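Naming follows writing order (A, B, C and D), and every chain is counted from residue 1.
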Amino acid sequence: MGLLQELKERVCKANLELNEKNLVVYTFGNVSGIDREKSIVAIKPSGVAYEELTPEMMVLVGIDGSIIEGDLNPSSDTKTHLVLYKSFPEIGGVVHTHSPYAVAWAQAQRAIPCLGTTHADYSPGEIPCTAIMSDEAIKGDYETETGNLIIETFNSYSYKHTPMVLVASHGSFTWGITPEQAVYHSVILEYLAKMALDTLSINPDISAIRKSLIDKHFNRKHGENSYYGQHNRR
Amino acid sequence: MGLLQELKERVCKANLELNEKNLVVYTFGNVSGIDREKSIVAIKPSGVAYEELTPEMMVLVGIDGSIIEGDLNPSSDTKTHLVLYKSFPEIGGVVHTHSPYAVAWAQAQRAIPCLGTTHADYSPGEIPCTAIMSDEAIKGDYETETGNLIIETFNSYSYKHTPMVLVASHGSFTWGITPEQAVYHSVILEYLAKMALDTLSINPDISAIRKSLIDKHFNRKHGENSYYGQHNRR
Amino acid sequence: MGLLQELKERVCKANLELNEKNLVVYTFGNVSGIDREKSIVAIKPSGVAYEELTPEMMVLVGIDGSIIEGDLNPSSDTKTHLVLYKSFPEIGGVVHTHSPYAVAWAQAQRAIPCLGTTHADYSPGEIPCTAIMSDEAIKGDYETETGNLIIETFNSYSYKHTPMVLVASHGSFTWGITPEQAVYHSVILEYLAKMALDTLSINPDISAIRKSLIDKHFNRKHGENSYYGQHNRR
Amino acid sequence: MGLLQELKERVCKANLELNEKNLVVYTFGNVSGIDREKSIVAIKPSGVAYEELTPEMMVLVGIDGSIIEGDLNPSSDTKTHLVLYKSFPEIGGVVHTHSPYAVAWAQAQRAIPCLGTTHADYSPGEIPCTAIMSDEAIKGDYETETGNLIIETFNSYSYKHTPMVLVASHGSFTWGITPEQAVYHSVILEYLAKMALDTLSINPDISAIRKSLIDKHFNRKHGENSYYGQHNRR
């Protein structure tokens, strides 16, 4: 048994969950998790089918990108994950998918407006879409530049409040305190993306909901006096 | 075994049915049922996953909102359920969901027009969408105000004839004689919402069907001389 | 064991197939089959859930509408089925559904244009949509009038070539040589209806395919020199 | 046991995969595979349901169209497959489907523009749609002419880079090094077709992504220095 066995098991299971929740086909998508003390990331190997995935196949990568353990190549998106871990110090897991409704918004190069309380429960405003990447960045260190593009986008957003982003013309990245929560956010993003598309189909003139309603829902779930769930149980 | 064991079992099962019918993901949605004699409501606990739900977890709440039995916090939407039970004296169950097509109409802030007989079988006219809630109401007793908004909306509708409503920018509430029937109405609402969206996509100029056809279908199922089903069996 | 046991078994199984193919929810939809020699129709009972359906529950009805055998009420749409059997002498089975994409076209009051070869394989032209029913007909013998409306529509179509119809503001009826084939046609209709909706979403200006392509596909499957399938095996 | 047992088993299994991946209903669709040394093609029999398919039912056909082995008629689309094998010398498998989103684009007579990196991973540009077939060709050797139309279309595309095509008003053909890869490309095509439709629904003015991004993604997966997957493992 190698290093960080528990992390590899959790990351493997989180990857399998992507498949069970119908966010991926074949080898699409990848989940990683980080051990913050050791600064080591466990990530899905590149191009392996979900049916074959085992904890032992997870690749351990240093925060600098060096391979620490594993026989397989890590996900080709590893560098993007690393940028997110370095820039968002309180996250413990990252997910990348090409789930169809999130991709539809990313390809449309449009942020998902906050059209209702389901959305406000997870983000106090739109889900941003990055700018288009420049030719120079594309031809350079592409996966690192994808991460940089996300970081730039979040100059205007809080990564703790909005744990998801659309990369223009590409797909989504989501994150969370844990790999499991990052997967949860990918499922939610896909759900919000589908509902927003259908909402605009019914009423193309609809706009974002008012600030007071956003604050109410976001705070009843995430604020200091939140009363959703069982964390503040009597 | 605690109070009202049978009610808790039925309410638990009705909650699980929401999940089986694909109206919810994770902890979304909630079903309650009322014992009208004792004026006690059994409701899903807040933020618990459907996979873990057991009858013992159902929370018993008085019609005034006091907790009567249960270790867990009740659904954060409990107060809305209570307003409905107080205002609609003949209902025995209430459901709240964020099912995607119903939400799309709610987010579009549009009533679902009665475009066909499938719809008329369940409501003799449009499925109403509430007004937008005021900032004052949002910042006040929000969940009670959500109930009040529904009650105001039904000044112009019959809650017995139209057992479902869209809360603007939010989701749906449905009700019925029993918790099981309330769930049934949530499934039907989602079905009607999807068909109405696709109908308008094919023909944006279509309008509601004529009164005589609405009456025919509604009455063959619900009228005094109804002849659908087996209740009037030879 | 009662009369026509084999027919009741086949009709029961055909009804269950509607459910398995996701064309119905709850008690929606109904399939019937006819014994042409005895002029007796076996049909689903009204308002019974698919999970509970058994061959013994099928109701036997004379071509005049009289109940011949069965403890339950027959489908409330029975009279429409009977009109079709009387007017279309070579059919052996009839299906009525509210499958969502077919209903979307029916509610849009639009015939489904023949936009491709998948459609032409089953109908050499559009799938017609009936006219709107008059108030008089609605208030009269409604289910018989629904049948009459279909028959009027088929003054301009061949029921043998186009085994399916949209009833405006209502749903679909399909038929076939057997109950099984009638179900098959309901599945195909739903498939064609979905593809036509999406086609128009991509290109709203598209029109029906040319006559030569319709004839080619329809005849390679149904014409005298058809060469699809194994009926003309070497 | 007959000739080419392994090829028949693989082709049978690849056909079943079409069904499992929800690209077909009933007898729709067909997969073939070729033995390049013997110039013999194994193909699905015409009009047989997927549930009944066995390797022994696969029909062996010479590259000239002669039947070499098999009791059943080969797919009615066999001649189209043969044209592709003759014209695209490096392919080993061909698939034809009427999968709904690919058909929607084919019926809309529109190429699928390259709107994102998911698409660019599989084709360095649009998925072409053939021209409309002439009346003469339709009335002539129709299935051979379908193949010819595809070949003409690929005068402007590389069949190795873009392993898929939409046949106008009809459906899709995909191909690959093996029958399994050809099926894989059919699944991908359906996925890309759905996402492109939804993208245009959100932003009708969006256009294809820039050349540099297409090249980056296509080459990281297929180029000389590709680094996706495990083929270049450390």
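Keep this in mind: a contact is a pair of C-beta atoms (placed from the backbone, for glycine too) under 8 Å apart; a residue touches a chain by one contact, two chains touch by 3 or more.
Predicted model, so just to flag it, every value in this text is computed and none were measured.
Summarising the inter-chain layout, the chain whose CA centre lies farthest from the centre of subunit D is B. Summary of the copy comparison: rotating subunit A onto subunit C for the best CA superposition needs 180 degrees, to the nearest 5.
Annotation: the subunit B:subunit C pair of sequence copies touches via predominantly different residues, less than half of the used numbers being shared. Centroid to centroid, with C-alpha atoms defining each point, subunit A and subunit C lie 46 Å apart. Note: centroid distance subunit C to subunit D, computed from Cα atoms, is 33 Å.
In subunit B, the residues touching two or more other chains are 200-201.
Applying the touch definition to all chain combinations yields A-B, A-D, B-C, C-D. The part of subunit A that touches subunit D in the complex is made up of residues 25-28, 45-48, 67, 71-73, 76, 98, 100-101, 103-110, 132-133, 135, 138-139, 142, 169-171, 197, 200-201. By the touch rule above, subunit D contacts subunit A in their complex via residues 115-118, 184, 187-188, 191, 194-196, 198-203, 206, 209-210, 212-213, 216, 220, 227-230, 232-234.
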